[in-house]
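See the structures that follow.
Each of the next two complexes has subunit A plus one more chain, namely subunit B in the first and subunit C in the second.
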Partner chain A sequence: MLEMTIHDKSCRGCRFCLDVCPTDCFVFNEETQKAMVAKVDNCIACLSCTSICPAAAITHRNHHVVANFYRNINFSRRMEKFL
Partner chain B sequence: MADAEIIKKRRTLQETMNFLAALSAGIEPILGRGANSMTMSAGRNLGRKFSAHAKTTDDLLEALNEVKRVLIENNCLWGFEPFKPAGQAELVTINAQGSRQILLVFRDCMIRQALFRFGHPQMGSLCNMMYGFFAGSLETIMTKKATLEIKHAGENACLKLLTIES
Partner chain C sequence: MNNGKIRLNTEWLCDCGGCHVALVDLHDKILNVLEAVEIQKCPVLTDVKEYPEADIGILTGSIRTEHDRHAALEMRKKCKKIIALGTCAVYGGLHGAGLAHSREEIMDTVYRRTPTTKTDFIPDAGVTGLEKIVTPVDEIIDVDLYLPGCPPHAHYIFEALTDLIEDREIKTRQETVCSGCRRIMKKTDISAIRNNNDSALDDEVCFLSQGHICLGSVTLDRCLAPCPNHGIMCTGCAGPTMQILTEPTHDIRTEVSDRMSRLTKIDAADIRKHMEKSAKTHYAYAMATKMIGNKPTFLIRKWIAEVEDQR
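Entry: the complex of A and B
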């Protein structure tokens, strides 16, 4: 099952994760001025929150990582000539 | 098919996708919105062609399974699954116009990978090809018009809203 955590000490309270999340997984705790995971069941593991978080405070576990066939070394060697 | 042959075919496909990504990035500034209709039309033709012998049905979930089967049958790396947000009672909802709607999460995507490879933005004309594919495919399977709106384009998955016009 997918797990999503926010490292409390790292969170700067910028709310970027709240803005970017398409399924409203986060809420903002006004008391602590930090983001919190509210609905992990809603997470589609798009990883936009992880990418946008300036403090790299958000981590996902047990999620589907897309098949990146461009990481194939032989393919990359062939593509070097175009870069 | 021998492994070497599969790898060779896959490489050809990857290079084609890279070429398409570069092409779509190139035509967008020139053609503007016209680029979207071109790629949408190409996707729709592909969807119609691939689904020509697919089983016809009016059940949306069954139709989606058929689309999935068609994609796998044609070696397309476009994995998707229905998504039901917490708090929503049913997977399929009805909008104000009486059309059936369902949220789909796209994970493995050839287009996304091709775009990232060369730093092209998402939600461009090439992403519209997927809309075209679904429109063409569901037009054949359900004999109804369909739209696929991109709600969110993420780094690891995209969320889209499929609407079947009543």
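Entry: the complex of A and C
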């Protein structure tokens, strides 16, 4: 089952995730000025929200990961070694 | 192991020395580290010229001179594990911007053409030769772990060292500087890019929302975001995020312009153009590494030529 979480402390309240999500998974909490995951069932794991999030605050788990065929090989070899 | 302690060598190459100061910045916690570690070679603490055998070797700074290259190779031979510590070691660092000029241009400017310089010769004694380009450490030797940051905050150094000492699995953190910044990102009607001294800033609102170029969203958080929290835009000193490094079409200027144009009424293309004009500043910390230098979207020579043509 796919999981999607927003690291609350990191969220800057930009609403980009609400803007880009094609399946309206997010809602905005006016009180805290932070985005929240509302309907994770809708998520198609396109990762648009992860890509646009300025704080890298959105994490997906148990989603299908596409192979790294188009990625930057120079970095992909090093990625696991970053502290 | 020596007396049950882990042997540590550190060496600085071409850098400002700040990363070594950051090691000392562990304050009281350095005592915890010293319980488990024996520091053998460390330019700021010990007067050891040779390279003793060690378990962990920390290298700060990039390869700029022949001596740097020699030191890096010696460290690799003698240390079981090498950590590239700091942005210079990982990405080439600020002086990586030297790549935009030839070695001769740099030497000439520093020793002959600077208005305050009285001499008219290039020194050739007492210093080893300047290499043609700035090279991050991992292009010369194999690196086991990377810890970028300018310098990395003591919090991350301590975490990394204790994980290594206790042989725990290392954690790769992907958060950006924005994640540690308390400013609110909100949509505004700002329609033009503003300069640093243009106007009074709102301390509660994101710099991008206010029309200022801030690299927080494209920079790894290895600092706990002190600059934006104290009213200074992020200059990207810890180097680009994992996303920029992995994706061939993502770039510092494309990501900043995308986010800033969503927050303001400024056109993304205008922001990109603006950033290309000052690309040497925005890309300075990481342009020496192939992870950025080989990107199809990174056209530094073209951008510099465009600015010079307009002069």
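The rule is short, and it goes like this: the second predicted complex is superposed on the first by the 66 of 83 C-alpha atoms of A that agree within 3 Å, B and C clash if a C-alpha of one lies under 4 Å from a C-alpha of the other, contacts with A are read in each partner's own complex, and residues count from 1 in each chain.
The definition used in the following text is that a contact is a pair of C-beta atoms (placed from the backbone, for glycine too) under 8 Å apart; a residue touches a chain by one contact, two chains touch by 3 or more.
In this text, all values refer to a predicted model and were calculated from it rather than measured experimentally.
**Q** Please work out whether A:Val65 is in contact with subunit B alone, subunit C alone, both, or neither, and reply first, second, both or neither.
**A** first
**Q** Check whether A:Asp19 is in contact with subunit B, with subunit C, with both or with neither, and answer first, second, both or neither.
**A** Second partner only.
**Q** Examine A:Ala55 and indicate which partner it touches, taking first as subunit B and second as subunit C; both and neither are also allowed.
**A** A:Ala55 sits against subunit C, while subunit B stays out of touch.
**Q** According to the stated criteria, A:Gln33 is in contact with first (subunit B), second (subunit C), both, or neither; which is it?
**A** Touch partner of A:Gln33: subunit C, not subunit B.
**Q** With both complexes overlaid on chain A, does A:Lys9 touch subunit B (first), subunit C (second), both or neither?
**A** After superposing on A, A:Lys9 lies in contact with subunit C but is clear of subunit B.
**Q** After superposition on the shared chain, which partner residues are touched by A:Asp41: those of subunit B (first), subunit C (second), both, or neither?
**A** First partner only, subunit B.
**Q** Which subunit A residues are contacted by subunit C in one complex and by subunit B in the other?
**A** In the superposed arrangement, which is not itself an observed complex, subunit A uses residues 51, 68, 70, 74-75, 78-79, 82 for both subunit B and subunit C.
**Q** Using the touch definition from the top, list the residues of subunit A that touch subunit B in their complex.
**A** Subunit A residues touching subunit B: 22-23, 39, 41-42, 44-48, 50-51, 63-70, 74-75, 78-79, 82.
**Q** Considering the complex alone, what residue numbers of subunit B touch subunit A?
**A** The contact residues of subunit B facing subunit A are 10-11, 14-15, 18, 77, 83, 85-86, 105, 107-109, 112-113, 116-117, 151-152, 154-159.
**Q** So in the complex, the part of subunit C that touches subunit A is made up of which residues?
**A** Subunit C residues touching subunit A: 83, 138, 143-148, 156, 159-160, 163, 170-176, 178-181, 183-187, 206, 216-217, 241-243, 245-248, 250, 258-259, 262-263, 289-291, 294-295.
**Q** If you look only at subunit A, which of its residues touch subunit C in the complex?
**A** So the residues of subunit A in touch with subunit C come to 7, 9-10, 12-16, 19, 33, 51-52, 54-57, 68, 70-72, 74-76, 78-83.
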